[in-house]
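See structure below.
In this document, chain identifiers A, B, C and D correspond to the written order of the chains, with residue numbering beginning at 1 in each.
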């Protein structure tokens, strides 16, 4: 499968391991990524609220370039949630608002470009892997299953909301990455903080607020029994990993929950070397957690025989299908 | 093609333009419209045109009658309000005066002109165009006779909840046979699951069981429980329905309902239906204690005779005291074919599945319950013997949060208001407070208490000291925000995150237990059921009434009525009223003996039909059939509902539609466009 | 008593109608025996001035085939109307424009472009026909092409209609028999405006193929189908067959040999617009409810106007493309 | 583009159960909309024959509005889907005649959607206004009698 690829700034720098691991597994999942030539900044989270038209024109240029270079594909993917959301947002708002479409296209015309909304299908990398490549295809490539590794799938906020084209199963409690990790042999833990805030840029603006949020996530993952947190967004990874150290200092705690990208775990399961996947560059060392990977799948305890309930016994729970 | 064969010049048309007080005359120059009809449409057969204050008044009607007699009018056009209001009135005038009622037409110049336009000149011009179109149309009208069909007196009621029971009892009491079909093993429906009913706090069982018993033992009511209607054929007055009886594995004719089989059955399973998942039943079980009919039913999915492959324990069979034995492991599905004249659909509702809102934690957090679970918990015959306890079965909650509008009034799930949740939540709050003394919080968007004594009950609950927080709950979680919150509340506490819109702040309210007031949804299979009975569902699944206000019991299909929640959420009094209303409509038809139907029907011109069969798949009412011997298509006029789709589809133009014929519609188009150049320019 | 006069004329047509008349074989001798053929350019030499010299209404019957494309066609239509007691619109062109009528989808300039500048045309000097051209011998004239094709009854009053492209010879023979009987005083003329030589139903009535309830999930052109079933309805096999919307009378010639009906006998009795009937019928049975899915099926009709109005365009409600009509005086 | 005084005439086909009642409701609620649309009631949008549309367009209408119940809510269960299918095909065909898609609009309005129906009408009137008059040339009617004077061919050719 071929898709245009918008790497964004993070993947070039702090989220380099995300890019490296993606490069490492690309062929295994038969994903051909063609980087947009001459792409520019996506405007990050803030620009949209500072100058709406300029922000959309900025993103519109990337969309226009993508369309121009796309050839026979109309897929455009990004690994960073903010990049993905901005691309999807501009495409959507140009679709909804004909005035904006015209203004953006006027701006693009200055550079000899034009973009018709809807011409590219903007998809997050995780969405492509889960829904287009599919769990079965991923499973088929697994050579070293991640048996025994308990993982907390953490989605963050931007990939699931506002979800213009209804790609995600549930905005509050998505399960796509959980299923992907299960396909790799890992054991996803059930936790309720999957889409809660990582602090975003509050780490810079108001660190106290951010630390509280980071602690809640890290503590929650640990409480849920996770060996590590798996993420799909450079911002989330940065906050939970690099700022975990800061947070520990702030609260006098000693959390050590490593945070990796889902592509890194895919690489491990596909038998790639840790170094090739950028593992080891994280602030919180992932090695102890990864050492828990077992050769065999853990045995599932057999369900207890049913006993006739007596008054005062626990009430049955509703089943989750 | 416009049919010019009729001698139009011989027709004498009267045109009447209604002022409707100032409703029309305030915007449309009615005199000018009448003058236009009299002068410009003279060559079209208009012999007189009048404007009058209120055409629908007795005097207005007499005016037309008089003209028909004195001026020998042969056709009548009334330019007034929408035909949906007064078409019948003016048809009646014609009929009384000896003119075929279908030779009258209404031109809507109130709803479609006077009330929606402000420019008088443009409105008057449009009114003239409409009158011109209607005059052309009426010239092509055919004199028609209403279609008469006999009515079979036996009635089918589908659904044995309170609405269906009520409808069945009323028809049966009037002395007519009723077939009552219920999908579950007992009558009762959702109401049987409730503990108390708002606002009076009557015991639900105490008021429902006598009705169930009455329906169960009524000599005129033929009960089919554990059965479903599989097929419906025919038309009003003459339906043939096929009822599928699912195997109960218990011989209905022999079983005495002694219950020894249930007692001896060793298999215990969670009862997802009646006990809402918090209680247990056996593999052979009574749906509930007061079930009607009083017969157990065997569940082949859990009985060891069918699962496990070891032949099963057969304890029920061994201990059954009847001769012959009532347990019939090899009982098969049966089908019964019945003839009925009318059908009442009272198929009820399904509870919104609260697991669809994962952030509310139902199914993940043990102490999040649904209102239905609470109903069963409060019930003295329920799994906890009437005690309100937490999921551990022992602890009494000290703080309880009740979340309103779960799955209702929410764009993501259902936009509709479930109508009963406010009152039900208030009732739950009251019962929980009464039984546990807990602090109770209600989280609501709006409180809606429009029924009799409802708001008084709300005031009473307020006086109970129950807290009300106005705001939509964002999240229910067991994860504390920080260690401080954790240490304040202890493990297992649930936090209700909500924006209190009255206090203007975010709140996190720690509670021991949460009750979700899950809303009412259409039955999951309502589209299929609608198809079986030939009635329409809205896109969300509620059945569509013939008219939401003026005809909420009837449907588009003659002889099929709806009652209770099948058409939308309702409380018990409304459901009972609708059951009675449906019965009244049915009895009306039965007493008439035969029914007059609107003669808007399609028919095939056999000599022009080539038997191409293109139209054969187009009728959802199965009115179109193919005569293979003659190689022509035929339309059954009684089954035809008059939509005209086949008329518009026939490639040979061989299907005609009365009431809305091509000739009528072509003529109307011509008439509407006749004077288009005269529309004054509006700036 | 002299024999009544007979005329046959071709306006914008292919000549197939004349051949169809000759295909009645020895029956043509009956024509000669009972009529004096006064004017029939395809069969015998004649000059317009001879016709102009005739007395008005001196021709008993004129079979007029071809549609009105040029000023010359219009002139002859009016002339023959004046000279004939009975004017018969003969064949699809005269009745509804037929294949030439499809040119109504293009304005004149496009028609010329296509005819004189297409890659298959050798025209290095980009010559175009002129209404008048000076040559040493004087002025040469050509009748100008009119904006759109019109049918005979859009130009003059028509007494009878004989549909078909061309009309079936057995039908022509039957009409001729009636005409001869009328001349001999043995029969009455049919009511004015009648359609002669056709049935009252549609082609399916005469089609031997087995038909069932129709549901169309794919439409193909005949060359796209791997194999055609010889017994079943062609429409059910995914071919756009115009039979259901086309007047009977041809004995279902095409469908019976495995080719879909293309609609040459025109609309069924009482139908205002044949194309609309076929369009509504086909659309009604498309097996899809979502716009995109519907379009996927309908994309199997690459040229809807040409498919539905193949023969009847000039006589349809819209008659022609808007741009072409705009050039009409 | 049209001049600003052009007021289009639009024929609207509405079904008895939803869209006609929506128009009634717009009236009852006194919602204002432009007076350019003249409605014809049929029992169901499935009754609407492309011939009606062609007839209206060829006889002076600048546009045609077709309004039915929402998909899935047809009072005759599924007949509005037939209207949808016919509209798709008609649009494809009309394009070849040079008739812009905005002139033949299909819309859905439930009996409760008076305001929406009024908005649809206003939107359509604006779009058709922007397109200008259609002015479809009238069909030549059969000539009643042969013209008295037929010019000579030599005169015609010039």
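Note that contacts are C-beta pairs under 8 Å (C-beta built on N, C-alpha and C of every residue); 3 or more make two chains touch, one makes a residue touch a chain.
Source: prediction; values computed, not measured.
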| item | value |
| --- | --- |
| Which of A-B and B-C has more C-beta contact pairs | B-C |
| Remotest chain, chain C as reference, centres from CA atoms | A |
| Interchain centroid distance [CA atoms averaged], chain B/chain C, Å | 55 |
| Inter-chain centre distance, chain A versus chain D - centres from mean C-alpha coordinates, in Å | 50 |
| Centroid spacing, where centroids are CA-atom means, of chain A and chain C in whole angstrom | 67 |
| Chain A and chain B, separation of their C-alpha mean positions in angstrom | 45 |
| Two or more partner chains touched - positions in chain C | 272, 277, 280, 284 |
| Junction residues of chain D - those touching two or more other chains | 49, 51, 55, 71, 78, 82, 86 |
| Pairwise chain contacts, counting only pairs that touch as defined | A-B, B-C, B-D, C-D |
| Touch list for chain B against partner chain C, complex | 1, 607-618, 631, 645, 648-654, 662, 666 |
| Contact set on chain D toward chain C in their complex | 49-51, 54-55, 57-58, 71, 78, 81-82, 84-86, 88-90, 92-93, 96-99, 134, 136-137, 139-147, 150-154, 156-158 |
| Of chain B, residues touching chain A in the complex | 268, 270, 277-278, 280, 355, 357-359, 361-364, 366, 383-385, 389, 391-394, 475, 477-479, 481-482 |
| Footprint of chain B on chain C - complex, ascending | 200-205, 207, 211-215, 233, 235, 243-245, 248, 267-272, 277-278, 280-281, 284-285 |
| Residues on chain A engaged by chain B in the complex (per definition of touch) | 170, 172-173, 190, 192-193, 212, 215-216, 220, 223, 306, 308-309, 311-320 |
